[in-house]
Amino acid sequence: MSLAWVLTLGAFLFSVGVYGVLARKNAVLVLMSIELMLNSVNINLIAFNAWFRDSAAVGQIFALFIITVAAAEVGVGLAIVLLVFRNRKTINVDEVDLLKW
Amino acid sequence: MDPEATEGAVVSWPAVFVAIFGAVAALSAVAVVLSRNVVHAALYLVVVLGAAGAIFLVLGAEFVGWTQILIYVGAIVVLLLFGLMLTAAPIGTHALDNQQRGVAFMTSAAVFGVFTFIIWRSFGSQRIHLNQVVRTSDVGRSLFSGYILPFEVVSVLLLAALVGAIVLAKKD
Amino acid sequence: MIFYHFFSNPWAVFALKLAAVFIFFLTAPLVLGYVEHKGLAHMQSRLGPMEAGRFHGWAQLIADGVKFIQKEDIVPDAADRRIFMLAPMIVIIPVSLVFLVIPFGPAAVSCHAPAGTGGCGFWGENFDVGIFFVLAISAISVIGMLMAGWASANKFSLIGAIRGAAQLIAYELPLVLAASAVAMQAGTLSLVGIGDAQKAYWFVFPQIAGFIIFVIASLAELSRPPFDMPIADSEIIFGHMTEYTGIRFGLFLLSEYAGIVSLSAIAVVLYLGAWHGFIVPWIPGPIWTLAKIGALSFLVIWLRATYPRLREDQLQKMAWKYLIPIALVNILLTMIFKVVF
Amino acid sequence: MAVTELPTAGMLPGGPGEGVQVVIAGEELPTQEMTLSIGPQHPSTHGVLRVVLTLDGERIDTATPVIGYMHRAFDKLSEARDYRQIIALSNRHDWLSAFGNELGVALATERLMGIEAPERAQWIRMLMAEWNRVLNHLMFLGSFGLELGAMTPMFYAFREREDIQTLMEMATGARMHFTYCRVGGLKEDLPKGFLQYSEVLVKRIRHRLLDYEGLLLGNEIFKKRTVGIGVLPGEVAKSYGVTGPILHASGVAEDSRKTEPYLKYSEVDFEVPVGEHGDSFDRFNVLYHRIEQSLRIIEQVHAKLPAGPIMPGKMPKYLKPPEGWTYVRTENSLGETGYYLVSRGDTKPWRLKMRTPSFHNVSMIPYLLKGVLLPDLIAVLGSVFFVVGDVDR
Amino acid sequence: MTPDEIAAHLTEATGAAERSDVAHGEVSVWVPNDKWVEVATHLRDCGRCHFDLPTFLTAVDLEEQGFEVVLHMYSVRRQHHVNVKTQLARDEPRLPTLSGVWNGLNWCERETWELFGIDFTGHPNQVKLLLPVEFEGFPLRKDFLLMTREAKEWPGLKEPAEVEH
C-alpha cells in the first residue's frame, strides 16, 4: 500500500484538528480537536514505522509516548476546564478573557 | 530508498482495510469538528480513535493499537465525556462555534495543502510492505533499552500532570 | 474421510470455533442467570422460579428472553434517539469479543493452522497480547454506559452513568496492574501462554494479593454487589438502564451476566491454573476450566446475597487508597521474585 | 441567581430547612444546581412520599418532602362515624401497626366514658400490641437493608412476618387490618392453641434475629454506610416532635410505656434501648433491640395472662361519651400515636385529631438531609422510619 | 409538676392564663391570642416547665364561638403535659406562628392553616401540605359539608335491624 496515502490521512486529521481548535467555542471541544491532532501524529509514526520495517520499533515507542502525553494533557486540560467552569460558570473559551477571577 | 518502492499498484487486503478505516476516521473527524452537539462530537471522536487503532493493528503495531483503544477510548474520551456532562451538556443543539470559522477553515486548508504537497513530493512513490510483524516483546525490549530515559521522563510528566490535575480540580 | 478434510481446513475450524464461542456466549449467561435465580432464592429461604419448564423453573430465563424480544421497544421522547438505540450494542459487543480469546484447554501438540486463524486449541483466537486485548476491549463498554445514561434524558440515568464510568475508570487501573503482575510472572501477555505457565503451580499462590485485587476490581467493573452503585435500585432506579425496555434492556442484562462469566474466566486463566486440574488430573482441561469459572461466578452471586452496597466515594477511596498501592507493591515484589529466582 | 435561606429567629442550629427562598438578583452568575424529584413513585420511599432535592453534584443542598398523596381525611371522616366504626377506620392509615392505632381510639373512648376494660382484655391488648410492634419493626429492619442493597434481610424479615401474621390471623381473622379492639375490650377471646404457637414463635424469632445481627449489624459495609450518617441530636429530635425509636436512638429514653404506663405495662419488665450518637446505625440498632424487648414482654404476658371476661358485663347500645375532651397517647411502633378526642355527647365525635409519629418524623427530614450525599439519602431516609399512610392520614 | 401546679405556675409567671381546667388528668390553660407566643416561649425556656417536645397543634371548630387552637406540649425532662388553648374569632382567624419556637410546629401549623383556614402570621412557608394546591375551602370546618354524607347518611350509622325499609 502507498505510504503517502496513509500520511495524507494523518495530514487531513491534523488540519481538521486545526480547524476545530480555531473554530470551536467550547473548551472541551477544543481539547478534542487537540486529541485529533495528536492522533494524526500517531498515524504518521506508525506508518513510518511500518515503512522502515524497523526491528527496534522506534515509531511505535514514540506513538506510546504521545499517547501518554495526550493522557496527561487531557487530565490537566479537563482540570482547568472544570476550574474555569466552577469560577466562571462557562466553558466558552471566548468568554474566558479575564486574566484573573 | 526502498528497493521495492517502485512495484506496481497491487491492491492487498491490508491496503483495503486501511482505506476503509481511513475513510471512516476522516469522515468522523470532520463530524467531530462540525457536530452541533457536544456529546455527539465526543462519540465521533471515539470512532476516529477506534478507526486509527484499527489502522495501527493492520500496520502491524498490535501493542500500540490496543493501547490506543485502552487509553484513548477507555480513558481519555470517557474523561472528556465526563467533563462535558459535569459542565452540563444538554440534549439538543447549541451554538458551539465562534466567529472565526472562515479564518479557521482557510488556515486548516492551507495546512492540509502544504502537508499534502510535501508528503507527495517526498514519499509519493514509497510503499509499505507488511511482511514483518513487530512483536510486542521487541517493542518492550527496545523501550527498556534504548529509550529508557525518555520513558522515565514521560513517567515524570504523567506524575506531574496527575498532581497538577488534582491540585487544579480540588475544591479549596 | 470428509471429517478429516473438514478439520484439515483451518478456515472451517475457525468458523467452527466462532460458532462455538457464540453459542457459549449465549448459553453461559443463561445458565448463570438461572443459577443466580435459584441460588439466591435458596439463600434467602424462598423457592425462586418453579413454573417455567415444569422442572424447577429451568426454562425461566428462556421465557424471560422471549418476553424481552416480544416487548415493545420504547424510546423516550426527549431521548437522543440514535445514541439511545446504539448504546446497548456498544455495551454488549466488547463483552462478546472477550469470549473469543478465553482459552479452555491446552494447545494441540501439532498444529498447521495459518496465521490469523487462531492456532489449534480450545480457544477462538490466541493473540500475542491476549490479556491486553481483554482489558482494552472491555474498556469500551464504559462508552456505551455513558451513551445510555446521557441519551435517556433522565437524571437518574445520567447519575448512574457517571457513577458507572467513574467506577470503571477507577477500577480499570488495579485490574490492569494486577494482571500485569501475572504477565510478569508468566513472562508473556498471551492468555494461552499464561495458562501454560501455571503447569507447576497456580498463580493464585504467589499472586494472592493480586488475585484478591483482581476479583474486587472485577466486581466493581461489573457493578455487582457490593459495588452496584451505578444501578442501585433504591437510589437511582436502575442507573443507565432506567429508560430501556424490551430487547435493548435484555441486551444490557445479557452483557451483565456475560461479563460475570468472562471476567471469571479471565481470573481463572490468570490465577486459578486455567485448565490445570488437581487430585483428579485425568478430567479433561476444558471441564476443569468450566468448573472453575462456575465456582468463581457462584462466588459473585453469593456476595450479592450477603453484602449491602458501599457508597460511591467509599468505593473510589478503596481503589485509590488501598487497591492501587497494594497492586503496585505486588508488581514490585513480583519483579524482585523474577529477578532473584 | 443565588438562592439563600432566610434565617428564622429562635431556631435550633441547622434550622428546619424550610425557610423562605429568597432570590438575590445581581451580578451573580447562574448556578448549575440540579433539582431532583425523588418519588412519589421511587423505590426507596416506600409509598408515595416525594422528596424534592436540590443537588450540587451528589451533595444535597435542600430537601423538601412533599406529602399528601395518600391523604384521606381521617379527621373529617371520623366526624361522620360512630366510635365503633372509627376503630375500623383508624387501623387503615398505618398499615404496619394496625393494632396499635385501634388501641388508641378504644382507650380514648373508654377514658371519656369512664369504662375500664377487664384485666384479661388489657393483657391480651398488650400481647397483640407487642406482636404488632415486632411485625412493624421486622418490616423496617428488612427494608432498610434492602435500600442499602442487601436483599437477603428483606426476605428473612418477610419469612418471620409471615409467621406472626399467621398468629395474628388466628386471633383476629385478619392479616393486616385486625380490627380486634372494641370499646371496652376485645372482639373475642384468644383461640385455642394461640398461646402455644405464640410461645413457639417467640423462641423461633429470637433465634432467627441472630441472622440479622450477622447480615447487617455486624457487617462492615453496613457499618460504613450508616455509622455517623444522618446524625440527629436529641434536642433537635425533641423540637421536631419526633418520638419512638428515632428519639430513643438520639439518646432520649422517652417511652410512654415507661413514663405513663397504660394497659399493664407497669407490671411487666422491659427496657427502652437507647442509642448514643443518633446516627442511622443507632436508629437501626435501637429498632433491632426493641424487637428483643417486645419478645420479652410477650413472654411475660404468656406467664401472667389471667382468666376472665374480655368485655365489661354491660355495654350501652350506643356509645355516647359525655361532653368533654381527652388526649390519649400510646407508644405505637413508630412513636407516639395520640388521639385528641372532643365529644359533645353525640354518637359521633365532635373532633378527633390523630397525632401520628410518622408525620413528625418526616417533618424532620429536611434537617437530616441537609448536606448529605445522594447515596446517603437512602441510608438516612431508610432510617427515618415512617409509613406514608401514617404521614398523610 | 402536677396539672394544677402547672396551671397555677402559668397564671403566676406569665399572667396570661385566662382560665384553666383539668380533665382526665390533663390540664388546659386558655390564653389570649396576643400572649400566644409569649406563653409558648415561656413554656420552652422556663426551667420549671421545660417543655421540649411539641406533641401536636390543632384546632377545634366551636361553630359560633369561633375556633379553639390547641397546643399540646410534653416535657421529657419533667414528664408533664400541658394543653395551651386560645380562642379565635370565626371571621379571619389569625394567630402568630410558633414555628420559630419549635421546629416541629411548622408542619402542624401548615396543616391547621389548610384544614381550618387559620392564618398563622409570620409562618415561613404557609403553603398547602396535605391537600392539592388547587383545593378550595377548609375541610375541617363544620360548615364544610362532607357531600357524600349530606346526600346519604352513612348507612353503617344504624344497626341493621333499625334500618327502615
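First chain written, first letter: the chains are A, B, C, D and E, and each begins at residue 1.
Convention: a contact is a pair of C-beta atoms (placed from the backbone, for glycine too) under 8 Å apart; a residue touches a chain by one contact, two chains touch by 3 or more.
Every value quoted in this text rests on a predicted model; they were computed, and no experiment measured them.
Asker: With one step meaning two chains touch, work out the least steps from chain A to chain B.
Answerer: 1
Asker: By number of C-beta pairs in contact, which chain pair leads?
Answerer: A-B
Asker: How many angstrom between the C-alpha centroids of chain D and chain C?
Answerer: Taking the mean C-alpha position of each chain, the two centres sit 45 Å apart.
Asker: Please compute the C-alpha centroid of chain A, do the same for chain D, then give the distance between them in whole Å.
Answerer: Averaging C-alpha atoms per chain gives centres 60 Å apart.
Asker: Taking each chain's centre as its mean C-alpha position, how far apart are chain C and chain E in Å?
Answerer: So the centroids are 63 Å from each other.
Asker: Would you please write down the residue numbers of chain D that are in contact with two or more other chains?
Answerer: Chain D, residues with two or more chain partners: 32.
Asker: Per the contact definition, I'd like the list of chain D residues that touch chain C in the complex.
Answerer: So the residues of chain D in touch with chain C come to 34, 36, 42-44, 58, 145-152, 155-156, 159, 215-216, 219, 221-222, 224-225, 373-378, 382.
Asker: Which of the residues in chain C end up touching chain B in this complex?
Answerer: That would be residues 78-80, 83, 127-129, 132-133, 135-137, 139-140, 142-143, 146-147, 150-151, 153, 158, 161-162, 165-166, 168-169, 172, 176, 189 of chain C.
Asker: So in the complex, the part of chain A that touches chain B is made up of which residues?
Answerer: Within the complex, chain A contacts chain B at residues 1-9, 11-26, 28-29, 31-33, 35-36, 39, 42-43, 46-47, 49-51, 53-61, 63-65, 67-76, 78-83, 85-86, 91, 93-94.
Asker: Chain A touches which residues of chain B in the complex?
Answerer: 2, 9, 12, 14-15, 18-19, 22, 25-26, 29-30, 32-33, 38, 41-42, 45, 48-49, 52, 55-56, 59-61, 63-64, 67-68, 71-72, 75-76, 79-80, 82-84, 86-87, 95-98, 100-101, 103-105, 107-109, 111-112, 115-116, 119-120, 123-130, 132, 134, 138-139, 142-143, 146-147, 150-151, 154, 157-158, 160-162, 164-166, 168-169, 171
Asker: How about chain D: which of its residues touch chain E in the complex?
Answerer: Chain D residues touching chain E: 6, 8-12, 15-16, 18-20, 67-68, 71, 73, 75-77, 79-82, 85, 111-112, 235-236, 238-243, 252, 254, 259-260, 317, 324-327, 329, 336, 338, 340, 342, 347, 350-351, 353, 355, 359-360, 363-364, 367, 392-393.
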